[in-house]
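Both complexes below contain subunit A, partnered by subunit B and then by subunit C.
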Partner chain A sequence: MTRITVQGIGVFGGFGTGVQAFVHALESRPVPPSVQPIPTGHGPMDLAAFRADLTPLEALVPARTLRRMDSFSKMALLGAHLALTDAGIEPANQAGLGLIIASGFGATTTTTYALLDSIARDGDVCTSPIHFANSMHNTCAANISLQIGATGPNLTVSQFHLSVPSALLTARQWLLEGRVERVLFGAVDELSDLIGYLWLRQRGEVNHGPMRPLATGEESAIPGEGAAFFVLSARDEATPGYCTLENVSTGRRPGLVKGDSELLILGADGRREFGAAYAAAAEGAEVACFTPHYGSMPPGPAFDMAAAALMLREKRAFASPEHSTCDFRASLLSPGAPITVDRMTCLTLACEQGFGRIELGRL
Partner chain B sequence: MDTKTKLKKALADELNLPELTGEGYNDDAALFGEGLGLDSLDAVELVIVIQKHFGIEIKDMDEGKTAFTSINTLAAYIDKRLSA
Partner chain C sequence: MNQTEPVAITGLGCICAAGDTVDACMEALFRGDRAPAPPVRFRTTHPNPFPVFEIKGFADRPGLLRTSALGLQAAHEALADAGLNQDALDGLRVGVCVGTTVGSAMNDEAFCRAYRAGEDPDLAPIDCILSSNPADVIAREFGFTGPCQTVVNACSSGTDVIGLGASWIASDICDLVVVGGADELGRITYNGFIALKIADETPCKPFDAHRKGLNLGEGAAILILESERSRHQRQCKARAFMLGYGSACDAYHQTAPKPDGEGLKRAIAEALACHDTPASAVAFVNAHGTGTPDNDRVESHALASVLPGVPFFSTKGYTGHTLGAAGAIEAVFTVACLEQGRIPGNAGFTTPDPTLGALPVCEPMNVAGTIALSESLAFGGNNAVVLLGRGERS
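Now for the complex of A and B:
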């Protein structure tokens, strides 16, 4: 059986940039969200959110290269560079590297504002071709592919909050069938004015923190943005990496079967409508939840995966923020405790009874 | 504002090329390839920018190819079309 290992991780979000910043965040209290004014029909409204900083990309990629890229592609490119560098792989001439991007919403700034504004302002004859190109769902993956010379198969998957496990299913399949030996897998979403506006319209409440995702029935979600990328390998690599990717599955909740002796990393993110379902799924299990570090966003399961991979490699537990407000009938992982289990499962619950499970194993 | 200054400002804004409006830019430098490094997608954008800012439609691509050599050739082409 082919063994798939996580060789490199590239993460950034409201907590900072890179694996070290992520570890530091997981060992600390969550940083408070920043406040972002969102334009609405009734004037700007403040939204608390976990925003990502893209300036580290300027040190990695020449400004000329970034000239035509929108913020969504830049976010993904930063995640890709961080993951490849973390794996000890040069971000160039990566012929044969597979590339899969998962995103819940895609390039909403470009699609909704830049392109549509161009159509409205200049008419369909003079619409900007660059804005049009950036609005395509797979432009971000194409930009990364061009930048790092990845000529292997290339795919973009979008299934809202199940985008990560859905895309990871394909990544795993590519590696198992030997189509590629390595896959650069990443999840990314930006918090554009559009997403901020939709958040305000749909959720109405603005939580300035903290998130309390393990308090059943409480609405405490705070939106986030960022990217989490991974180098997945079916090779016998020189460096040991973080952990193994054991299994990925998606389905409907009546079919959600709890594994034996598994530790659940819950994707609970303070959205009230999912609180009871997460509580039921966690009942009797040993659990942890790290969403208050990066916020509520479709790539959340990829950040959960990064946290699990770090715990498996370092063989120690990180504390779940706001654990004192937990009312789940579950056992919360004690911070700093040695990790004794061989497997961890990142569990994501989604609308229409959907779920996604990502199972990671100790190397 | 003369044609060349207006053209450089439009291209700097629309193609995100701030160096075009800098003092050191050589207006005879090639727009494509080794010079400014523009490519085929930029060429399509360039056609749109000229239509949008100067009201000139470039339909003859042979003519356009010569005009797109540098800032100076493009500004001269625009002036010629505007005075025709």
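Now for the complex of A and C:
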């Protein structure tokens, strides 16, 4: 059986940029969300959110390369650079590298504003070709492949909050089939004004923090944005990497999704409608939950995966923020305690009994 | 690349401007019917409206994007074609993998326009988008519990999904995978392709010397991929076999293919290698053939290079370019052509272009082989190819 390892991680979000910033966050209390004014029909409304900072990209990619790139592609490009660099791989001339992007909503800023504005303002004949090209879901995958010379298979998947396990299933298949030896896998979503507005309309009250996802009867979600990228390899690599990718499964399961792994990383993100299902799945299990560090967003399971990979490599536990509010019977990881389990499962639950399970193993 | 076992295709469904069933489409193709016309479903302020291939008389479903409703209609036809009713489906591990471009975009124009004007518009259009993920819609309709994947790889999506779904069968993740593509016509894509100056203001002419671009179309196609265990239990004959899938990226330009066609050649080579198929075994190619100057030039030279002398054609002259659905629609046509032992003429082609590497077939012709290729090129530099073999029903 082919062994798949996680060789590199590139993460950024409300907690900061890079693996070290992520580790620092996991060792600390979550940073408070920032406040973003969102245009509404009643004037701007403040939305608490975990926003990402794209400034670090300027040190990695020439300004002229970024000139025509929208924020969604820039986010993905930053994640890609961070993961490749973390894996010790030059972000250039990556012939044969497979690339898979998972995104819940795609380039919503470009689609909703730049492209539609160009049509609304000046009529059909003035539609912007650049904004149209940038509005495609796979535009960020195209930009990454152009920048790093990735000529292997290239795929973008959009399955809302199950985008990550769904796309990761294919990444694993490509590696097992020998279609490619390495896959750059990334999850990315931006918190555009539109997404922020829909959050306000659909969820009502704004939580200014903290998120309490283990208080499953409570609504405490805070939206986030960011990217989590991974270099997955089926090669015998020179460096050991973080962990193994053991299995990925996703689908709809009527009834209870019980965790059968040694440790469950819960994707619970403070959205009350999923609280009871997470509590039922985690009842009696050893669990951890890190979403208060990055917020509620479709790439969330990829951040869960990054946290699990770090715990497996460093063999020590990170604390689940707000663990004292847990309202179901479970054993929560003690911060700093040695990790003795060989496998962890990142569990995501979604509407209509959707689920995703990402199983990672110790090297 | 490990060699893979063939995966049976046991059902087909299709709806597009050429017809609302697979049989109706094939009859139209061999009759040479095509009727592009200015769009009716949306208004345009272009002084001379560009023609499109619109589906007439299709009843949209309230609360669902037209894209997903089209996908559902094709799925119903394909499952019935495979002899799968709800009783037969119960207990099977069924996955869904669907390609689209429009079906996942948060771009309801009226909603966004009102929001940008400072209003608080009704959320119904957004709720419609959020409940219309094309793969989810099919899974929900039939109660499938396997993996769901909506592929948004631009115009290669409908070909990619066939390769991805076959992988789920080969790995025993699923007993059955519903794969395909769906896309509706819309004002934004219509304006976008015109803005890129790759749309033709007359009926499209793939591979013709006077080609000026594509005509957009809409539609959906679904193929049922089934494990050997499942179809043997049901004693179901295959309509075709999925023999290979190749995919490669140009990493050259966001909207234009690489001039040397190197990515497409690698995708073809990979698809052939999956089943150790020699190029000489390929009876015909259902080409991407959009009618844009760049695509057709690159594609013809790549085909001349790696599949010299193999007959090829584009069916976009009958359907328009249906974007995320195109690869699936063309794979369905390819299977039907293998069954019938004949291929249609390349609609719109009349004048040979001396700069092309090869020329398409002009008129319907009989073909004797049992293996064919269907290929797609896409924005982002994606190239996807599926290798299909004749089944047991013909």
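In this text, the second predicted complex is superposed on the first by the 355 of 363 C-alpha atoms of A that agree within 3 Å, B and C clash if a C-alpha of one lies under 4 Å from a C-alpha of the other, contacts with A are read in each partner's own complex, and residues count from 1 in each chain.
Going forward, contacts are C-beta pairs under 8 Å (C-beta built on N, C-alpha and C of every residue); 3 or more make two chains touch, one makes a residue touch a chain.
Computed from a predicted structure; not experimentally measured.
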- Query: In the superposed arrangement, does A:201 touch subunit B (first), subunit C (second), both or neither?
  - Reply: second
- Message: For A:133 in the superposed arrangement: first (subunit B), second (subunit C), both or neither?
- Response: both
- Per the overlay, which chain contacts more subunit A residues, subunit B or subunit C? C
- Query: In the superposed arrangement, does A:64 touch subunit B (first), subunit C (second), both or neither?
  - Reply: first
- Query: So, does A:125 touch the first partner subunit B, the second partner subunit C, both, or neither?
  - Reply: both
- Task: May I ask you to decide whether A:167 touches subunit B, subunit C, both, or neither, giving the answer as first, second, both or neither?
- Result: second
- Message: Which partner chains sit in contact with A:149 here, subunit B, subunit C, both or neither? Use first/second/both/neither.
- Response: second
- Common interface residues of subunit A with subunit B and subunit C? 125, 127-129, 133
- Message: Touching residues of subunit C toward subunit A in the complex: what are they?
- Response: 1-2, 4, 44-47, 95, 101, 104-107, 109, 112-113, 115-116, 118-120, 123, 126, 130, 133, 135-136, 139-140, 144-154, 160, 164, 167-168, 170-171, 173, 187-188, 191-197, 247-255, 263, 266, 270, 378-382
- Note on the structure: subunit A contacts subunit B in the complex at 64, 67-68, 122, 125-130, 133
- Task: Give every residue of subunit A touching subunit C within the complex, in rising order.
- Result: 39-42, 99, 105-106, 108, 111-113, 115-117, 119-120, 123-125, 127-129, 132-133, 135-139, 141-143, 145-146, 148-160, 162, 166-167, 169-170, 173, 176-179, 194-195, 197-198, 201-202, 249-254, 352, 354
- Task: Report the residues of subunit B in contact with subunit A in the complex, numbered from low to high.
- Result: 14-17, 37, 41-42, 44-45, 48, 51-52
